């Protein structure tokens, strides 16, 4: 679950990480009044769930009302990373004497929290990561311990900060890790963390990704969810415990297991077909989930063929068959159905399908071939 | 730093550990109005910094106003463990279906936090510890991790609680460890933790000792300090970084280092003398601390001889000599001074003393012999 | 020999009274797995398909020490269940549960690494040594005993491959699902190492997917230390970049973790990579 | 040989610019100790008695790897300083600082135990191998090289004993102050074990005090594994029960940890116990 910059900086503030003052605006007028409220040079920033805002012209310095007006106007017309800009953040402009990159994240290879820092912060950090990875320091952190003071200090001195700044950095870095832990984030990134004109550290931009698996224990964060992050169908799917991603083809897929679902996409493409979606009903899906999955696929007008590929393990074939049959009852559309159903309780499932007049393949490749033929 | 029960139960409450309602009273009248406010049977409990209150008659169940009045009257006349009772705690009386002992503490042998629990809670827990130590369960806990849920669950089932009670116990035990950590306690003890008439767990009595070394980072706890825990001299000493304990003899002692200070008491007793105090000026004491120590010793009217025994390591003999000389300048009392001064900067110290007309021993035993002779 | 489990392995089921736990306990028993105990707090004293249930792992261990624990408890309490097993020194822990918050898994991994027990999963189908024992949720009828070791990040995709192997008459020593989460207890490298050291295993099948670096590390290991034939498969060649494909692990960012990077890594060390899962059987068959 | 430190030991001083840190750095240098570096955050680039100062331990280690670190920093930041040294793998850490919150020490001990480095202290005078090296705050002139190993929980009381030994012509291999706090990094048992294993050490002096069980455990160890002569001393025979005598460790509760219990434990395993500190010299002299 991705947060907007203005949401992320609010969390930073709650964890005592200093950020410049800022006001969210949804229109040019609101942007102008935010400028007057802040009473000095400002930065007008697009709020979209995507990186690369700076390069796309989504971050503009403005010293007077006219500049704010024109910046807001322009930015509100932009589309960045597939998202049209709906909101702006107007913040105090800061004098910048140093730009640092700082993040805390889950390092999957180490199986631990990592803190990364670089003195080459700013827009080109991805480039730095590719060209000069040695300029990005990485430290692993025990979950229980958090970031030890000495480790934050090492990073601070290594970043070339003076002792007063290192003390500020120590507290910022420790709080960043604490924030990651407390909100179950998989990433909390400050880029840049600047040293301002008076020599103080401030977080100028922030990115936070929350762990969807952990949101059950953070009901208070649920209202930070941004509807634009997912389509209506993706949200409906998630609520039913289903992973669904819209793609461009006309073969609607329902699979149990992400690996098998991806393999199915590969096989469809290999046979010359085009999948309409990725859909993993999850492990142990019951008939209700299967029905929901069917409805989501059917709500896509481009779908010509539904291809069901289930290899039951924790998922039981009879539950799948029941869900499919129930969903079919309400189909009012002209789509073909191709089913491949094997695994746990296979006999029960096949016999249910047979009763409902549905035949099933036992081979995935055969099923794909039939689906591609029907779809073309 | 020891807390009263009413202070400890307030901290328990802040850490979501359920306690019965309670009101502090300093007089019989206040006790009676507390009884009326609570509106049911109450327990009247002496508030003293000592164990054994129950056996001393300091905890009395009272069902009506007359009983409260008589209990309060009696208890306010008691002296328990050397403390006269100044305050009472009036709490709701609870039906008790089970009494558990539960504590979190620093286990010095393991170098870790330990949680101890027993199904034989109540007044006789010391007896249980001596006679049947196997009835007291002990689990060690990582500082960073705190008490894992499963460990609390193990203890809960082992205590014979049912699953609903185990769930309450899990949370109480985890919060107890969290409390120990958050307030830097060396001991947090609930005895008894009861299961009440409705089957719920509640802390009926609580004892908390805080780590004096950590109070610097808990300014908010400083106002919980109870003046009766130490004498005025002990408090004055502590503020100067000095350990001082009043004893019964007439030889006032000033030593650097607790081990040497205790050894000096042993040698004085061995030579037939009686020390007036234990006093450790601490490591690296400067002349100001030495002067303070001298003044504390001199404020004891029974002191006939001051015996200074310094073996300088981190403490410098010249600093000690300066402090002694400065303190002597303001002596208006008829006491003898015996000095033994060796170690770091010994020559400088001895020469300062010599200039001030003070002679010094190099042997501790010789110094003790002279002091005992002068004191008798 | 198989790896990790065999006909003598004594299994404890954490979460045995739940829907999945009891269902698969029964299937495991039918396969011949020696399920000796189950644990569910508050259900101590009950029994499930003849298996005694205890309130705590420590009580189950006192009853009879298991060689292996399999975890079916809900995601919210799975980390605590694993920590309980680690504390009791159960040497092999298989976590089927999916959807565990990733920070819980970092917490678990710290304890696992410090104690030297082995965790497989989470979010995995478990493992099976055909004809000997099954500790997991895979459909058992698709397996047969034989010379190939199978290791996979995926569940159902593995069944697909195993079915093809069995259909081709190629049996398996052990099939291990290591799990699809970003952080897992046992890596491809560790599983492949065990197969390399297992006398009975004559060929190895590695089934990966996009995301992470586990397959690349495995390729490097194979290049250095494995002399048995290996066939690989990578799922997600046609997944669009920057999209999550169900598994939290299956995220492609830049070139790292892409299907192409993984396939190249395998091919560079002489591992044959199948284009569709069912081709694996023919490839490994040629190499045995 | 001495134990723990000798003439080749390279020493780093954490907190070298402070009052105590700089004073004792100079005294250690005068004794011949090889002080190679100091660490104080924010003072990197300065120097103290010719010793270069670094902002962090990692920088000091990059400059020249120390064998030993000695900690003089204030109590509030001492735990962090020790954790920094542990993380840098400094094999021997001597913590002089007193007054460290006891929970900080439990935190430190977790890291120390996990990493296998040795911590001596906190709240200790350090150690000295007379004629070779001194890493601590003890007055050096009272020591002389010779065959006796001394281990003590106390600071100044040890000086008293050492002075008596030296006055009697009995030199020391190494004198170790293990510290007076409730939780310490190195126990009596561990120190005695090192002396038992040290070829040059021919007799051992153990100086304890009331409180805790370290002396009792040491007695048990001596009874089982030590064949060198041992003389003991216990301070606090006349301390009133239930009173704190300065050291947080010196609390008598019930019979555990009392002077009598400790003296009996020693005597039961044949350790001679001196009644006053200066008697130790004569007792050990008779046994050598």
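In this document, chain identifiers A, B, C and D correspond to the written order of the chains, with residue numbering beginning at 1 in each.
Throughout what follows, a contact is a pair of C-beta atoms (placed from the backbone, for glycine too) under 8 Å apart; a residue touches a chain by one contact, two chains touch by 3 or more.
Source: prediction; values computed, not measured.
Colleague: Give me the chains shared as neighbours by chain C and chain D.
Modeller: Chains touching both chain C and chain D: A, B.
Colleague: Can you check which chain pair, B-C or B-D, has more C-beta pairs in contact?
Modeller: B-D
Colleague: Report the chain whose mean Cα position is at the greatest distance from that of chain D.
Modeller: It is A.
Colleague: Indicate the whole-number Å distance between the mean C-alpha point of chain A and the mean C-alpha point of chain D.
Modeller: Centre separation, chain A to chain D: 55 Å.
Colleague: Could you please state the distance in Å, as a whole number, between where the Cα atoms of chain A are centred and where those of chain C are centred?
Modeller: Computed from C-alpha means, the inter-chain centre distance equals 27 Å.
Colleague: By residue number and range, which residues of chain C touch two or more other chains?
Modeller: Touching at least two other chains: none.
Colleague: So which stretches of chain B touch two or more other chains?
Modeller: Correct list: 142, 144.
Colleague: Testing understanding: with touching defined as stated, what is the shape of the graph linking the protein chains, line, ring, star, complete or other?
Modeller: Topology of touching chains reads as other, fitting no named class.
Colleague: What is the complete set of touching chain pairs?
Modeller: According to the stated criterion, the contacting chain pairs are A-B, A-C, A-D, B-C, B-D.
Colleague: Given the complex with chain A, which residues does chain D contribute to the contact?
Modeller: 41-42, 44, 55-59, 77, 80-81, 83-84, 87
Colleague: Please name which positions on chain C make contact with chain A in the complex.
Modeller: The touching residues are 20, 24, 27, 75-76, 96, 98-107, 109-110, 113, 125, 137-139, 142, 152-160, 163, 180, 182-183, 207, 209-210, 212-213, 233, 235-240, 243-250, 254, 275-278.
Colleague: Could you list, by residue number, the parts of chain A that touch chain C in their complex?
Modeller: The touching residues are 106, 108-109, 111-113, 130, 142-144, 180-181, 184, 186, 211, 213-214, 216-217, 243, 245, 247, 255-263, 265-270, 275, 278, 280, 282-284, 310-315, 342-344, 346, 363-365.
Colleague: Hey, which residues of chain B end up touching chain C in the complex?
Modeller: These residues of chain B touch chain C: 148-151, 153-154, 157, 162-163, 166.
Colleague: Touching chain B in the complex: which residues of chain A?
Modeller: So the residues of chain A in touch with chain B come to 142, 144-146.
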